[in-house]
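Okay, so chain A shows up in both of these, paired with chain B first and chain C after.
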Partner chain A sequence: MRASTLLSESLAVLGKELTAELRSRVALNAIGLFGLTTLIAVAYQIGPYQIQEQDRPYLLSALLWIILFFAATSGLSRVFVKEEDAHTAKTLRLAARPLAVFAGKYLFNLILLSALFSLIVPLYCALMSYRVRGVAGLAVVLAAGAVALASTSTIVAAIIARASGSTTLFAILSVPLVLPLLVMLIQGTRAAAASAELAAVLPALQGIVSLGGAVLTVSVYLFPVVWHD
Partner chain B sequence: MTDNRVRTALHWLLGGWMLLVIVAAFFWAPSAVGFKGESSRIVFFHVPQAWVAVLAFCVNLVASLRYLRTRDPLDDARAAAAARLGLVFSLLATVTGSIFANVMWNSFWNWDPREVSIAILLLVYAAYFALREAVPDEERRASLSAAYAILAFVTMPFLVFVVPRIYWSLHPDTIIGATGKLKLQMESRMLQTLFGSLVGFTGLFVWLYTLDVRLARVRLARREREEA
Partner chain C sequence: MEAISVEFTKVGKRFGARAVLAAVSGTLRPGEVLVVAGPNGAGKSTLLNILAGVLRPSRGGVAYRRGDEEVPRREWFENLGMASPDMAVYEELSAIENLRFFGRLRGHALADGALAELLETLGLPVREHHRAVGTYSSGMKQRVKLAQAALHAPAVLLLDEPSSNLDAAGHEAVAALVARFRARAAVAVATNDPREIAWGDARLDLAL
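Take a look at the complex of A and B:
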């Protein structure tokens, strides 16, 4: 029997997730449609002209992250909840080591978030006439935000799947943990919109990367406890 | 029997100490310059409450880590007791902070970064209890809530130290300044009252915590007897 490495097991879990998602498209539809619906509601009711010029930097960056975060919340918990619903969690426990399961699910959530960001952010900028001077800065903030959001969402999804599987519980548990991150992401986005210099986003980026890194590291240690108990 | 006597003596000592702190806060310590009226006296209660809230969350973290190592239900009870008290003291710190804000700035809530930080901290620990309520199986509840408590604790330094420093704050300078250096430029009687209050509130926390843990120990022993 060929001994599998952690990397190959993680990629196998990711492959399984992608195949299952492409077959059902439940998470993709939930995240994409939620994001689009909220964006249309915001653009229709507020639009680019309802906000005073001096309030634009504050409101537009905050609205963008509210749309992105709540759209993400609607689909990211599924990675573990669906295993419990379909009674496939036990098989997965036998097939792969905990760290590989966490890595595979984390990467899947990261891909989902990247897809959501790629769809919503350009549309938001176009519909709300959001002029971003530092496109590179915004890209870095979005990438760091995806990495950090995916780590919190994945471990909280694992916890709620073992609790009651309720998606309401996912929002209750993840919102307080994610709020400091959202504050820093909004600040980073505002800085990127205001300045073309990459250095403008650095103060917020330090906070995002350190919080995301801390949560990811702790999650790696905690996941076996959550997964096996 | 001796234990009970020591405990009773400590309770009386704590009661007397807290009485002294209250008297000192209102009649012995002078009120600070630059604050409206006597509003600065709230510092003798607000700061110790916030300190006990942080202490309780540290105890919750240690008990949660211990539970994951020992799997002793009493460690889970210790973690829950500490979180319960942390929640109560955070709420008290929020209320006293709001009263001070209303006196100073004519508004109970100003969306100051420190107000937001404590509100999020309250949400984190309310979520901890929501999780505990959602899991019927005791062992699973204990391990999942321990995992969540550890995860929540990781975000705490960002709430308490990072976010309030990103935004401009109305909040008066904290005892530990933004540079990380101790800033204790208080009049000596104020400082003595503040430290006395910190000791008193810590004692109050220890008393309430041990009471809760003793109650949990009795419950666990009774259940073991019933199962035997």
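Take a look at the complex of A and C:
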């Protein structure tokens, strides 16, 4: 019988990830630099006044998620590849339950995404003069988006790490999982921008939560196979 | 930790068309050190990985037994400590932080004093315990790796080239570690080093 609990193992993995990241700052730098560079390039080239008023909710919502998604991809895909590259994967595999590894890495990706959203979204709204009527609705969409994107990124990162760490493979595997999610996130963000009512984001939110929940559930069953075989 | 023996029967492994191991059998008994010897490429590391359960054999099987009872495969890892050249500890963390982390994962959260003592017995002086492992020499990293394997007092200890990168004092520290485990655990050492071969109570020679 194992002396540790799943929760304590998951928190140990999360703690290790946070400590290692705060010391190396590899993922934080990649995500932050990519996010800020893309944001400034978009703001400089397009700016708030280059878009017709009637197109603003559509284009600004789509541009926001393009910036967030690509910035996130640059950092989140490393979470398992770095274990294989540093030869720590086998050491970790022998010491921790697969589900604890997945949970710890998932929570770490969730924290990274939350940090990215907290940095980029307010800056984007300011630089692009993106007025959001439903701030609470946007916050709910961003929170649900972070949960769903973190689960997708974590399981895909695990698969590519076992397939010799190809970031191209990360992109290819992500498309069928991420594309519908991004479409719903853009719709939810657009709805939050247009209406102060929380109910306006509900149709998109249902889709985001359903897809995120489905990916998370499948990942819990799939991850032990990916991690050990 | 209760005594566990590891039986392997006609274990074979192929990587594509290349056969690395062919029908190897034996038993790792508690209170014994099994030395696995053989030239480079004979499959010593492959056999240890199969015994650990991190690599599936192409043929044959491995069973962990506690007395007459077979230990379920899902419980192998918690009874196992391993150090091999393809394993590493975290370079961003210090030696103590690494051991604290692996201890928490295994439910053996030892006090820092006990972790420091373990590192010292393996020849890593106290002044180095709180420095990031990334700044260590390869011999110092090897000592932390061995401490990670021994941390939870496992019933089965698998060591692949345990003295690699170590000086004479390091070799003596590993010999003492193996002697300590011999008393209560099943130990396998894969090596070509004549000094390590001398530790064996039983010997398995693999051929190319």
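FYI, the second predicted complex is superposed on the first by the 227 of 229 C-alpha atoms of A that agree within 3 Å, B and C clash if a C-alpha of one lies under 4 Å from a C-alpha of the other, contacts with A are read in each partner's own complex, and residues count from 1 in each chain.
Throughout what follows, a residue touches a chain if its C-beta (ideal position, glycine included) is under 8 Å from a C-beta of that chain, and two chains touch if they have at least 3 such contacts.
Please read these numbers as outputs of a predicted model, since none were measured by experiment.
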item: Which of chain B and chain C A:A136 touches, first, second, both or neither; value: neither
item: Partner chain in contact with A:A95 - chain B first, chain C second, else both or neither; value: second
item: Which partner reaches more residues of chain A (counting touched residues only), chain B or chain C; value: B
item: Partner chain(s) touched by A:L211 [first = chain B, second = chain C, both, neither]; value: first
item: Partner chain in contact with A:R23 - chain B first, chain C second, else both or neither; value: second
item: Residues of chain A at both interfaces, chain B in one complex, chain C in the other; value: 229
item: Chain A - residues contacting chain B, complex; value: 152, 155-156, 159-160, 162-164, 166, 169, 172-173, 175-177, 179-181, 183-184, 187, 203-204, 207, 210-211, 214-215, 218-219, 222, 225-226, 229
item: Footprint of chain A on chain B - complex, ascending; value: 68, 116, 120, 123-124, 126-127, 130-131, 134-135, 139-140, 143-144, 146-148, 150-152, 154-155, 158-159, 162-163, 166
item: Chain C residues touching chain A - in the complex, by the definition given at the top; value: 52, 54, 56, 75, 77-78, 80, 82, 84, 86-93, 97, 101-102, 104-108, 132, 145, 148
item: Chain C partner contacts - residues on chain A that touch it in the complex; value: 2-4, 8-9, 12-13, 15-16, 19-20, 23-24, 86-88, 90-96, 100, 228-229
